[in-house]
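Chain nomenclature is as follows: A, B, C and D, assigned in order of appearance, with residue numbering initiated at 1 for each chain independently.
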Amino acid sequence: MNGTLGGLFVVLMTPLDDSGSQDEGSLGRMLDYYVGAGVRGFTVLAESSERDRLSNREKEANLKTVFDKLQGKLPIVVGTGRESTQLTIEESLSAEARGATALMVSPPKNPKLRDQTIFDFFAAVGDSVGIPLVIQDFPQNDRPYMSPELIARVHHEVKNAQYLKLEDAPTSVKLEKVKALVGESLKVFGALYGKDAFWELDQGAVGIMTATATPEYLVSMLDAFFRGNRSRALDIYLYTLPLAHFLADIGVAVRKEILVQRGVIRTAKMKQPASELTISARKQLAETLRWVELRMSETLGVKPHRLVSDRLP
Amino acid sequence: MNGTLGGLFVVLMTPLDDSGSQDEGSLGRMLDYYVGAGVRGFTVLAESSERDRLSNREKEANLKTVFDKLQGKLPIVVGTGRESTQLTIEESLSAEARGATALMVSPPKNPKLRDQTIFDFFAAVGDSVGIPLVIQDFPQNDRPYMSPELIARVHHEVKNAQYLKLEDAPTSVKLEKVKALVGESLKVFGALYGKDAFWELDQGAVGIMTATATPEYLVSMLDAFFRGNRSRALDIYLYTLPLAHFLADIGVAVRKEILVQRGVIRTAKMKQPASELTISARKQLAETLRWVELRMSETLGVKPHRLVSDRLP
Amino acid sequence: MNGTLGGLFVVLMTPLDDSGSQDEGSLGRMLDYYVGAGVRGFTVLAESSERDRLSNREKEANLKTVFDKLQGKLPIVVGTGRESTQLTIEESLSAEARGATALMVSPPKNPKLRDQTIFDFFAAVGDSVGIPLVIQDFPQNDRPYMSPELIARVHHEVKNAQYLKLEDAPTSVKLEKVKALVGESLKVFGALYGKDAFWELDQGAVGIMTATATPEYLVSMLDAFFRGNRSRALDIYLYTLPLAHFLADIGVAVRKEILVQRGVIRTAKMKQPASELTISARKQLAETLRWVELRMSETLGVKPHRLVSDRLP
Amino acid sequence: MNGTLGGLFVVLMTPLDDSGSQDEGSLGRMLDYYVGAGVRGFTVLAESSERDRLSNREKEANLKTVFDKLQGKLPIVVGTGRESTQLTIEESLSAEARGATALMVSPPKNPKLRDQTIFDFFAAVGDSVGIPLVIQDFPQNDRPYMSPELIARVHHEVKNAQYLKLEDAPTSVKLEKVKALVGESLKVFGALYGKDAFWELDQGAVGIMTATATPEYLVSMLDAFFRGNRSRALDIYLYTLPLAHFLADIGVAVRKEILVQRGVIRTAKMKQPASELTISARKQLAETLRWVELRMSETLGVKPHRLVSDRLP
């Protein structure tokens, strides 16, 4: 756990029951499913977890389930960025006390935050904890832009700002610019559903941190790449790209639906108000999933991952 | 308390101490200050309260202070709009149980929410409680646009959607359109710091609901208007307009600074990250305040309101 | 030319020379290239043509080259949406006089335009010309949202509003909603680089209108689909998807680079200021293109299209 | 004309006739009206001129009328910022050839333009002409943010970037920051309808450049301020503030309506689609105007400016 983080870190979505509340049975099966697929760690209470739409009770139950079940066997990154410095520090201290491996932190939702203010925010958070920070560069949903220079400054001056989750598209282009400023000392995770995962690795990313429903493909791509089989990694990336891009505007709903189709969770419901898949979209997704599974299986020998440790009752 | 709400409802800002935490002593003095100025009610945990930046502990303490101190003598509207329908309902039920007079609810922060989704959100919230809703029409900070037709539909079909806080500029223009659809049955509050308060009254608003630091002016304007002295109300409105517009982009910080200059609260700090007034801006504000106070006092006989029930130690 | 428009309509990008001015030699070769690939029509002076960055002289030369070269053998849709109703009408009348088959029109860049205003805009434009309108539903770059109901109203009440270019993602979901209101009478083109082209066809699109650099793939996909070979169409769609999504944020620069790599145009320059491909991105694109060309050729027998009528000197 | 620009520069709106076309008679009267009020210069073809909604013919006629009528007696700043570097240079060269005193240039409408790209844009434009540039800092309508550091760099490295029109609210706060970096060498104009005009002067602005319909008030405020009568200037500013803020979201329509009420132009029409004043808003504006005129006349002895050189037939 004290080594460098890398490989596939799954951002854990929140499965819901028919009433729209967190389904802890499904959450447990998700953990089994991902662990069985060989992921290297988990990122919890992130934006794809619908964090801002969960009740305090649900967030607490989520953390408890994950920490209890993983028992320290895999690193856990907790998303603790909130709308103020003070709240972010409170959440960060709480996560550290619970045993989090690292903290993922994005600046508050205010596109008018400027460089010095963002720097001060990260410095205050970094100074208050003793575990690494994953800077989340996600200039969407009203979050501010962070220049490569600002990211480098945060990394250089905030001692535990050791990781970057880069999701400012086009990510591989920005990654190259950031790397030119920080070299190897800042460890970068690709993100955004793995849409540009191969090119991110090609530019030096140490892993991918995203909500995926087909972890076997990212795991096998990362394995191939880091074993030096670039060509196989590229094949896996390109064959599986249709899943990364399928209705990406409602990508969490898409990934929940795949988990339903694979028998991992009960429903693909989202915390309302949010878009869910239409009947047509579910059929299209099933066709796409079958196509990718078939190609991956027949051409590259990667079988679809199945949940084996549990079954929906 | 069961009558129709109207007049000046003060949106209660959150005073902070030097460490940036809620200052409950100042909060108490603010309540005295506003009650002494003759406000007709309070709106708490609104956006100008920096609600999303307060800790749960601070929000609970805020509500407790306000409810304990007011003892049912004035109506209290609680802001309970949150990022999901479920959270909004939970907060609304909790506020109702605590004795709230009404609930102020805006749609979640997602500019892509469409009419039917927004309607369903209000219907679900309205059906879950027994007290009136104040629909907050505030299409800023990533919140969605609501057409006059949509607002009218929510009012007509959700039985307790009896009030509207209209803050979609230009407000007096939209107010006229909404009124053409709903007549007198929807009670509308003006907002946005009272920038268009007189014209909102002229179009039929029943009151103003905003974070003001000079409540005596809005109170006297409303009194004059409702007593039929339109000309005096217009004078008050126009003489005091410089305060309504002073650095409106950071208007909460401005209003806190006025309360500091008037001795009501200790600091003008904001939950970070957020802009505060520069030294220059504080001087400009002091000049503006003096100018308005002098004109109002000499020309219209409205003296500056002072806090009498307490003093900063 | 009087029949119904459908199939692949290429949105014509503007090739530039080293000085950044329109390169008419390359433009001529592009026309040969696309005609040779079997496209069914052209759409010119669209957003992907960098229209708002061209000089009046360049726009005039562009139209002259296209109309002279095509000689009425293929339909030409001209993008005539401008920032005011009056300018849009002037451009539309001018394009009609020149022999345009239809006019592509999006609302002006103002996200606060409301339904009635947008309707009035289309009605005024439609009434002023005698050829069909392609309503462009492109709520990006500050353009307003158009609901399915509004699109249906424009179609039903503006007699020549016969086509829709739908680029409000997720497009196939919106297409299904629009179709539920208008049936077959509104002809819909898919768009957005063909990212969801297959699903758009599946929902009833009559064609795809986009800036593609590999027209042979969209042509063969459309052929397969309309001949009833759905499975082959889906294969083509999924194998070629990596090209549709490659650095889509700077998609015009990507498509120009492919045309350079295929020898059709001289440079991949963009009218400044605009992003161009980095050296790394050009290599990544070349790898992606080779991968797709190989799969398409070996697996589905679709050879890469080459320019045969001309050569770069 | 070779001295330093300063004082009130009126941004010239475009008066329209009943058919919505530019009304050159009204344009001529506007020039008389403003010259008679003692303005120090004109800024033409700016955003408040509805420039992007005018036809090429109208823009040419506008420039011809202004240059012919002013005959070099007052400086003319021409707005030449366009959507590409090339177009901006073309427009700038053309304006310089016509005799423009300076060029007002804002970056293109793309909020994702970054510092180096914006710098390169200004450098390319500055290098191509021999007259001063007014950098327009107007991060609205999709234009990018410019930091004080970036503005200082453009000023220091682009030799003719001698002026700044600062309209990034709160302007007086940004002005202080910019001044701390550039001292007196960059001449700054306040803007945004004069909403913060007095504070901008207080921070060192050399003038105000805005579309006003009551130029006598800004002229008298500037006179008082520069003659050292700060108190009188503040009085003028605060008494006239209601006009600066009246329905500022549709401020051009408001200012046209005042010109109609004062008999300068024929209609308050706007190039469609754009909001115009409702009947109610026109009445409110008339009341506000009368109130301000009366206070200014009785309290400060500034009579309302009237057009004397011409009359509407």
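Everything below uses one rule, namely that a residue touches a chain if its C-beta (ideal position, glycine included) is under 8 Å from a C-beta of that chain, and two chains touch if they have at least 3 such contacts.
For clarity, every value in this text was computed on a predicted model and none was experimentally measured.
Listed candidates were C-D, A-C or A-B; the one reproducing the B-D interface, defined as more than half of contact pairs identical by residue number, is A-C.
For the touching copies chain A and chain C, the fraction of interface residue numbers used by both exceeds half; the interface is of the same-residue type. When each chain is reduced to the average of its Cα atoms, D sits farthest from chain A.
Note on chain placement: the centre of chain B and the centre of chain C lie 48 Å apart, centres being C-alpha means. Spacing of chain A relative to chain C, judged by their CA centroids, is 34 angstrom.
Each chain gets one centre point, the mean of its Cα atoms, and the points for chain A and chain B are 39 Å apart. Residue numbers of chain C whose C-beta contacts span two or more other chains: none are found. Against chain C, in their complex, chain A makes its touches with residues 169-170, 172-173, 176, 195, 199, 202-203, 234-235, 238, 241-242, 245, 247, 249-250, 278, 280-281, 284, 287-288, 291-292.
Residue ranges of chain A in contact with chain B, taken from their complex: 20-21, 50, 52-56, 83-87, 90, 107-110, 113, 117-118, 120-121, 124, 141-142, 271-273.
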